[in-house]
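What follows are several structures.
Common to both upcoming complexes is chain A, partnered first by chain B, then by chain C.
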Partner chain A sequence: MRNLLHDMNPAIKFITVTIAMLGLAFFFNPWTPLLFFFSILVLQLVFSRINWKLWSLFMLPFVIGAFGYLWTTIVFGAETGGTVIWSPFGYDMTDEQLALALSLSFRVLAFSSLSLLFALTTDPVKFVMSLMQQLKLSPKLAYGVLVGYQFLPVLKDEFFQIQQAHRLRGAAVEKSWWQRALGVRRVIIPMLAGAVRKAERSAFAMEARGFTGEPRTEFYRPVQIGKLDFVMSLVVLALFLGSCVCGMLLSG
Partner chain B sequence: MQMHDTIFEMNNVSFRFPDDQSPTLSSISFTIERGERVAISGPSGSGKSTLLYLLNRLYPANCDGIVDGEIHLFDKPADCYSPGEINHRVATVFQDPDSQFCMPTVEEELAFTLENLNTPASEMEERIRHVLDITGLSHLRHVSIQTLSGGMKQRVATACALVMNPEVLLLDEPISHLDPYTGKEFILWLDQLQKTFNLTIIAVEHRLDYWETFFDREIKITSDGRISEDTIFKPHETLRYPLRLHSILDETVISATGLSVKMKGNTLLQPVSFHAQKGECIVIAGPNGSGKSTLVKAICGIYKKEAEKFSTDPCGYVPQSPEFLFLTSTVFDELAFGGTSSKLELDDLIESLRLTEIKEQNPFAVSHGQKRRVAIGAMLADKRNVLFLDEPTSGQDESALLELFRLIDSQLDQGDTVFIVTHDMEFAAAVADSVVLLKDGRMTGKFIADRVWQDEELLAAHNLMPPKGVKLRAESFA
Partner chain C sequence: MLKSWKLKEIVLMSLFGVVFGIVYLLFIHLGNIWAGLIGPIAYEWMFGIWFIVSIICMHIIRKPGAALIPETMAAIIEVMLGNAVGPRLILSGIVQGLGAEAAFAVTRYRHFNIFVFMLAGIGAAVFSFIYGYFVSGYAALDPSFVALMFTLRVLSGAIIAGIGGKYIGDALLATGSLRGYAIARTQPRDANA
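Let's turn to the complex of A and B:
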């Protein structure tokens, strides 16, 4: 039961999440995104085993962002009319402004939680394989992404080594953020030089093992599509539709 | 009588990269029969690898190279093969263990190879099981490739080649990124596999001394891309370095008592104590993960350290990839970056490191040996006269090793102190005054070099092989 979201076919999950996101963009009332946000939470509680601590950590910047939207829309929003409901510190806040502000910030929450639902329950390798098998993504692109993914830890390691070497030469003691940002450029150049060589070697190694980039016909571990994937997809979409209908009713 | 079964045939072949004026390979002619073990040798940049890539059809398609002459693969002109067609009969293992894989686990990597060949899914399971069984890698089946050691990665790469049931195995300097001990194990392992599969093996290699009697034929290529010799393989002698006189001066540059490194609650290096003198050459050796880099980085001040007593002259560090140090766009600026040396001192340094010709070039664009000299120059220009070289011998051919030897020798003569982290005990035996042995984050001790080379037990305990030349010398004295 709690594996369902993790086991769901990644391509189907991806399409479902994309549809929900696009759909959500058309609803400007505050209730729809709020209700959908809570539905996603419930969905994850019931059907997944995600690490909630990690989830909170990822959500934190979005929550801050959402609050920022709320605040700036109320304080700096254009005059829209409507009745003044509260006047703190000399600002007049109308009900329409509040509705718009809440709608914007709840959208941020809904979008980010939906993305996290996908990100935290999907294995990247399986996702790429599924894109290739179900959505006919070109193997050239798919395996290119996978090689890049394998390189990430190596690149991270190299990044720190180069940074250490530069620090030894007294080059990386910049304090302000923009100096540090400029300093990163110096680290990136040797890294890129190495990465280009590595990329060529990888390409050769893959070709030497018969990889031509042609669509393939046989898969060792085919990524399956079952009835359950469509059921899960329908559940998510039903929750979304439910949120839309309830949201419209509540906002009258 | 054995049937002659020709695998490859080259007839007066020359090859030129589209951007080059002169050909990389010219008038190459040879035939290779089934079951042969052929070594292709020659200096760096002689076109050895290019020759190999002509045999597995990576070239000319991947570089738009221009081929003249006839290349026959399995009695068919090379041009008749469509992309990927030849690759399951001619498999290749490359030199860099870190960039040969695209999948996370060993099993998935093998499956990737079989999928490329459109092997029916029902057969895959059996073929994967079989190849892992025969290569002795079954226990690694579900292991993440990135967590494996270099030696194991090369074995996995070989297994990926063998899972295609190839007739020929091409090896592109397969042990150049491995330490000699692991390299030797790999060669023994390969020897067994060749016999089991009756493979034809063609290897490009510049350190043939490690291969002992593995091959039965050697094709030598000159630096201008011609075959100079095609003979029966004779085991190669170890590279002989010139004799070095000790240059130790009576002045201490590093003195450490109870130096240890802790990181995030883990002790990476147990307390070590030692001294180093001016003009001394100290080799730091030990198995992978024994704390060699940790020790070096702690002394250089890259890692935080704890010590009862510690004093040192300014230390310079040259990483395995010297370009990690580079910050500017010309060799001269690179040396001048620290601003510690006067114009005159810089000119002297450039002269003595033979960098005059490349003074205005971009340090990223010069050869590997030159990069190392630039890096050393940058350190010396900052008045860091205690040098730490991290794995300077890895992947170097004979002339590069001799050049490195001379470079280190002349720095020592000028009173600099040189630390070298290396697995190459022949090189170590040629330069070292003393040897620091490390194991599991502990220092076994700092020994006088000549004593260590005689103590096979001590070396074996640290995954090191006794240097060959030294043993000979000891025998000849007796």
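Let's turn to the complex of A and C:
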């Protein structure tokens, strides 16, 4: 039961989440995104075993961002009419403006929770495999992406090595965080030059082992697709439709 | 379309996608903290950063698709790394890549100078703004504020992505590691190389 979201086919999950997100963009009332946000939370509580500490850590910057949406939409919002409910500093805020602003910020929250539903329950490698097997992504591109992904730890080590080499030669003395941020400029060129060489070597190695990148129908590790995947997808979409209908009713 | 591609070019785009995927994610988080203070306009002036991999890869490889594919790959890698913007990043990656690709397609993949790169940055900015207008609900904002956001994004696309992308590509060429790619064939050979 609590494995259902983790076991769901990644390509189906991807399509479902994308449809729900694009659908959400049509609604400008505050209730629809809010209700959907909570229904996604419930869904995760019931059908997944995600790390809620990690979830909060990911969510936090977007809560801050949502707050920015809230006040800019109030101050720089389009003319909407409605009745004035609060006038701080001689600025008139109407009820419709507030509803619109709340809607946009709840939309940020709903988007983020939906994304985390995907991110925290999906294995990255299985996701690319599923893109290749179910959505017919070219194997050349799919394995290309996987090669890049596998190089991630190597690139991380290289980043620190280059930085240390610079420091050893006294090229960069970084004190504050913004100096360090600007210092990335000096690191990126050697990183990319290294990436070019790695790309050449690994492409050569892949071809030497008979990788042609031709489309194929049989796979070493097939990613399954079953009835349950469609059921889960329908559950998410039903929750979305439910939030839409309830949101429309609640906002009159 | 993929038939004419060498595997090393695809792996190159993927590795650049990894490097820039990390850079992109860093800037999304930086942007979020900014956005809490000054709202969605915080992203606009630095939006060009998110288009840069298209321009660098097109500068190096010069084939149809060399702007769209790396941007999409970078987006897939961002999703693989895990973040709270999520799967829709792939959609925005495709949209931005198509915008940059459009500029190169209009010039028929023949000219690769600073103006075309800036045009590509602008193309990516325009495409991504139209998409963002829909997804982020900019329709709710005052038209003059939206116009300001749009201007900032276009400028950022032209300057950061266009000029910055060409600068990084040229700097990479100077390191001598790009000898097997289209970029090296069009430049006069350095006697010392």
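Note that in this section the second predicted complex is superposed on the first by the 239 of 252 C-alpha atoms of A that agree within 3 Å, B and C clash if a C-alpha of one lies under 4 Å from a C-alpha of the other, contacts with A are read in each partner's own complex, and residues count from 1 in each chain.
We adopt the following convention: a residue touches a chain if its C-beta (ideal position, glycine included) is under 8 Å from a C-beta of that chain, and two chains touch if they have at least 3 such contacts.
These numbers were taken from a predicted model, which means no experiment stands behind them.
In the superposition on chain A, A:162 contacts chain B only, with no contact to chain C.
By the touch criterion defined above, A:207 reaches both chain B and chain C.
Of the two partner chains, neither chain B nor chain C is touched by A:6.
Once chain A of one complex is fitted onto chain A of the other, the partner contacts of A:107 are limited to chain C, with no touch recorded for chain B. In the superposition on chain A, contact is made by A:198 with both chain B and chain C. In the superposition on chain A, contact of A:171 is made with chain B only, not with chain C. By the touch criterion defined above, A:126 lies against neither chain B nor chain C after alignment on the C-alpha atoms of chain A. The partner that reaches more residues of chain A, of the two candidates chain B and chain C, is C.
Judged by the document's definition of touching, chain A residues 125, 147, 151, 189-190, 193, 198-199, 202, 204, 206-207, 211 lie at the interface with chain B and also at the interface with chain C. Only residues 125, 143, 146-147, 150-151, 153-154, 158, 161-162, 164-171, 186, 189-190, 193-194, 198-199, 201-202, 204-212, 214, 216-222 of chain A touch chain B when the two sit together in their complex. Interface residues of chain C, counted against chain A in their complex, comprise 2, 5-8, 10-19, 23, 29, 31-42, 56, 69, 73, 76-77, 79-88, 90-91, 134-137, 139-143, 145, 168, 171-172, 175, 177-178, 180.
Within the complex formed with chain A, the residues of chain B that make contact are 53, 56, 58, 62, 83-84, 87-88, 91-92, 94, 96, 98-104, 108, 111-121, 124-125, 128, 145-146, 157, 160-161, 164, 297, 300-302, 316-317, 319, 321, 323-327, 337-338, 364, 378, 382. Taken together, the chain A residues at the contact with chain C in this complex read 14, 17-18, 21-22, 25, 28, 58-59, 61-62, 64-65, 67-69, 71-73, 76-79, 100-101, 103-104, 107, 111-112, 114-116, 118-120, 124-125, 127-128, 131, 138, 140-141, 144-145, 147-149, 151-152, 155, 184, 188-193, 195-200, 202-204, 206-207, 211, 213.
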